[in-house]
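Lettered A, B, C and D in written order, each chain numbered from 1.
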Amino acid sequence: MMPVARPAAWDGGVCPFAAGWQRVLMWWFIVGDGLLFGAFLAAYGYARLIATTWPDSSVVFSLPYLAAMTLVLNTSSAMMASGVAAARRGAWPTARRWLLATTLGGVLFLGMQADEWRHAIAAGARLSGNPWGDASFGAYFFLITGFHGTHVLLGVLILTIATARVATRRATPLGIELVGLYWHFVELVWVFIFTLFYLL
Amino acid sequence: MSTQTSVFHSSTVALLFAGLGLGGAWYGASIVMPSLASRHGAGIDSMLSYLLVTTGILFVAGYCALAWFIWTGARRRRIDQRLTRRRTEWLVSGALGLAVGLIAEGGVLAIGMPVWSEYFDATPPADAVTVEITAQQFLWNVRYPGADGQFGRNSAAAMDDVSNPLGLDRADPAGRDDVVTQNVMAVPLGRAVRLRLRSKDVIHSFFLPNFRVKQDIVPGMTPEVVFFPTREGSFEIACSELCGLAHYRMRGFFDVLSPAAFDRWLAEQATPTAGGPR
Amino acid sequence: MKGVVRRGVTMTDRSDRFSAGGESVRLYWATWAALLALTLVMLLLDTAPVARPWLVAVLLVAMLAKVALIAGNFMHLRHAHAGLVWTFIAGLLITGLTLYVLIVPDALRIRDMLVNR
Amino acid sequence: MSHAATTVPGHDQSHPELGFIRRYVFSLDHKVIGIQYIVTGLLMALVGAALATLIRLQLGWPERTWPLLAQLLPKGYAGGVMAPEFYLAVVTMHGTIMVFFFMSYVLVSGFGNYLVPLQVGARDMAFPLANMLSFWIGALSALLMIASFFVEGGAAAAGWTAYPPLSAVATAVPGSGMGQTIWLLSMAFFIASFTLSGLNIVATVFSVRAPGMSMWRMPLTVWSYFIASILGLLAFPALTAAAVMLLFDRHAGTSFFLPAGLVVGGRHLTNSGGSPLLWQHLFWFLGHPEVYVLILPALGIACDIIPAFTRKPIFGYRLSVWCLVAVGALSMVVWGHHMFVSGMSPFTGEYFSIATMTITLPMTVFGVNMLASLRGGAIRMGVPMMFSCAVLALFGSGGLGGLYLGNATADMQLTDTYFVVGHFHMMIGGVTLMATFGGLHYWFPKMFGRMMNETIGKAHFWLTFTPFFIIFFMQHFLGIQGAPRRYYAFTAYDFLRETRIQNLVVSSCAMVLIASQSLFVVNFVWSLFRGAPAADNPWEATTLEWTTSSPPPHDNFGQAELTVHRWPYEYGVESGDRDFADQRVPPGRVPVTA
């Protein structure tokens, strides 16, 4: 629940990053959570450098499918931004529609990722090995995309709650913006995974 | 006022710090390292001596200053107002910080780095004695390449703790004359030693206290160590990275022999069961 | 509140400063288009016969461009106080990069050992 | 608008008739949570000290049998002799408990929770609910860690650093079965708890400072908590990632940390592709900043105690703050100095060596500032001051020891020896322990409204600091003689025969040290009920917590307006019959000096 306005007298009088403490906190959370992905990706880079051969993920995975997944997440993120803008204007019905669309985008992305996993598993990929080469390849694939997928799932849940709150007029513009920050962060992480895991 | 304390009490605290500082330095000066037996070790020892002297002086000075400030402070009723100005603050602590920083950084750059480079960038001389050490819980497998100077093939898949701990391929001609021992190794005086280190299971660390040699053996890595023994004698090998239950007694022996005695020793090791453990 | 305002940083929240009108929504969809274009360019490059070092360099630059677009426009970092921007850049990007850069030499050393075994 | 409405959200102080459970168990009050953390941490310290006793009994008298212990711990002491696997489990758990569940809880989360809102003039933490969650997740993680002693194979035995493959392969050492898994889960809870509490401290410093409390008017304690929290938030994710990966290696068949060709205990493993070195990097990426997370608050606390007992402003306040910032930043890029002989690239070894030495500069400046704060003061040697001087002394000697270990060349001989044990006990053991005792004596009146006993406190200081110094000073020199750490006994080696007497002395001192902690326990409990009633400001100190009652009311400062007018070290000024001005004294009455 976002706090109601409080007198500035207890706010220290100064606001270090000129952003309100809720936003600053959200950014700190993003940095911390982002570093978790940073550590996974650094470990992946490390394993890949050790390996003498590494499968080409753009051959293992379908690039058009990957482009479609990225498009879905990307569009969902833009819709979220539009929803936040609507919430700020006070145009709550518009905000509700954007949020609903965003949530659906998240669900679609999750479905596509599940399908990608299904294909990989059907092809013989396991945590302990895979048909394409170095055992670490499959392990890092499941670890990194699985962790990202968990974040998407969490985001979908948060978005559902936020949509419901908008529908019942209990949401605040700030609350919607914080949800938006999280959702954009999920896309931000995908940009790294897309480039570093799938393309490079 | 509960914070009023007696001058006597404060003085005893001051004396405690002074006593610990001076006593510590006296105790520290009485400790000797394991006797030195390698060439690069002299560099490490001079690094340590440099640090012992500089930090020893700083240590005693710091403890005595602390004691002195407490001693005099306990006898003062009003504070010394001259010592609260900002200009002096930056000067005093900045200068001391720089001085200690220079001692530390200068020591690393001037004394430390040359030794570090000598040790890690050393290209082994052509006549170096090459020995392969394969650590396992809880012993050191030692292998000499034999007369041909070539190690035979071995593989993890063929490793068997009872009959073939190193997984040697008996069909490989290069491996016929390999000499294998456990926990005992010898090298001749006057030649460099080139150790190839491996581990079969967990992380071990090959530690020769007298030679100032310590190298972790991380599985999957094959680090090499090159050093030059400077005197004959029998020395101990210890494991210095926690490796399991018997970590504390994963003891080996490292003998530096005269060249003739070394050749005799190697021939003795080769005869009974070539290629197998003793 | 007098005497506590330092360097002009007061309770006003800078991220309230940008307008929330139709213009920003247009910006979001322009950003969306730019991200899409970058994604397509990256995918095309990946299948094109480009020398590996160039490919890596271009992909990384494109990735950072996408990150800047998302963080700057969607997450409004463009309007934020420098402190917040640096929280993001130093806290996330530089810290993550430091971790990676300082472990790379070890990974290369391990590979050399495996190759020269 | 009345002040009743100005509370932090979710924290309604207008209902003081809360039941016992809401008030003392599931409390949202930062003061109660802080005390809960402190008490939990002190209880864990007793466990850690008991484990230390077992370690020192074994090392001091390796040939003795212990019939009594055989009855108490039939598994670990079969036949009265300590089992090596039990020894390793004890060493591992001693380290884990002391670092994470004692120091972190008492010093960082405990004092941090109690002091930060009070010292910045806030009614509570920014997120009281998250604060409560943080404590209960933390308590769960402590319970889980203790519970691991009772599972099959015993507690984790791979050291507090949990290096794989020892920690990844269940057959490598007995504790690597269920015990290691519980260790990892417990650490995950700990990290969650610490992250919540760290975010809370950052948010509190950012957002709920009282009017006039600018960043440059915050006490050094608050600065140190602020920087330590940021460090924790940046460093912990790497360990979280590593713990997840290690769990996968242990239970899902991945090979993140396991290379090809392992043969453990005669069994061939099918793993391939990983490297144990990766764990070391990820672990120390957290591990090194973590020691600063512990030590910065200790230094901050000492810096707040010293001026109150020298009646003189702290020396070089702004410079000290910048030193804390610099140390925080540098601590993120030097972790490799724990791995100089691990087989890491010699090139990065040189980098880490030079970078580590750079920390000397800000740390020396900070230490000199502390020392200079004593100079020219009118010293009252109360118990908190005695412990603060001990903080300074141990910080100095531990810091000088750091010069040996940060220097790659010297570290080649000293790493993994008792020099390291001596060094880190001086720093994250001693500096923090002394600051904990100093802080407890100093803020006890504020927390409980009663004074602790001075005489017992003084005796406790002598019997704590002196043996502590002797033990860990001597251990440095055991390391110089080459004694490796984590050895169950020093009896197997000729070159360690000389260390027999030293180990005997160390063990004897350890017994004195541990036994004398009963003085503290007695003092703590006795003072809680029978101590002399405390005034609001018994130490005549200047920071905000001393301007409210002892103990403070639920909303910390009552209905009074709270405005800060000056820096936190206004000592040695003319203020009527007093020589200090607290932060709320307006500039008209006493001139503002900073």
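Going forward, a contact is a pair of C-beta atoms (placed from the backbone, for glycine too) under 8 Å apart; a residue touches a chain by one contact, two chains touch by 3 or more.
Computed from a prediction, not measured in an experiment: that's the story for all the values here.
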The chains touching both chain A and chain B are C, D
Relative to chain C, largest Cα-centroid distance belongs to chain B
Ranked by contact pairs, first place goes to B-D
Between chain C and chain D, the Cα-mean centres are separated in Å by 35
Distance between the CA centroids of chain B and chain C (whole Å) is 44
Whole-angstrom distance, CA centroid of chain B to CA centroid of chain D, is 29
In chain D, the residues touching two or more other chains are 211-212, 214, 234, 238, 274-275, 277-278, 281, 285, 343
Flagged in chain A as touching 2+ other chains are 11, 13-17, 24, 28, 31, 35, 38-39, 46-47, 50-51
Residue numbers in chain C touching two or more further chains are 1, 4, 6, 91, 95, 99, 103, 106-110, 114
Touching pairs here come out as A-C, A-D, B-C, B-D, C-D
Touching chain C in the complex, chain A uses residues 8, 11, 13-20, 23-24, 27-28, 30-31, 34-35, 38-39, 41-42, 45-47, 49-52, 58, 63, 66-67, 70-71, 74-75, 77-78, 80-82, 85-86, 88-89, 180-181, 184-185, 187-188, 191-192, 194-196, 199-200
Per the touch rule, the chain B residues reaching chain C in their complex are 220-223
Listed in rising order, chain C residues that touch chain A in their complex are 1, 4-6, 9-15, 20-21, 24-25, 28-29, 31-32, 35-36, 39-40, 42-43, 46-47, 56, 59-60, 62-63, 66-67, 70-71, 73-75, 80-81, 83-84, 87-88, 91-92, 95-96, 99-100, 103-104, 106-108, 110-111, 114-115
As the complex stands, chain D meets chain A at residues 1, 6, 8-10, 120, 122-123, 126, 195, 199, 202-203, 206-215, 233-234, 236-238, 240-242, 244-245, 248, 252-256, 270-275, 278, 281-282, 285
In the complex, the residues of chain D that touch chain C are 211-212, 214, 234, 238, 275, 277-278, 281, 285, 332-333, 336, 343-345, 347-348, 351-352
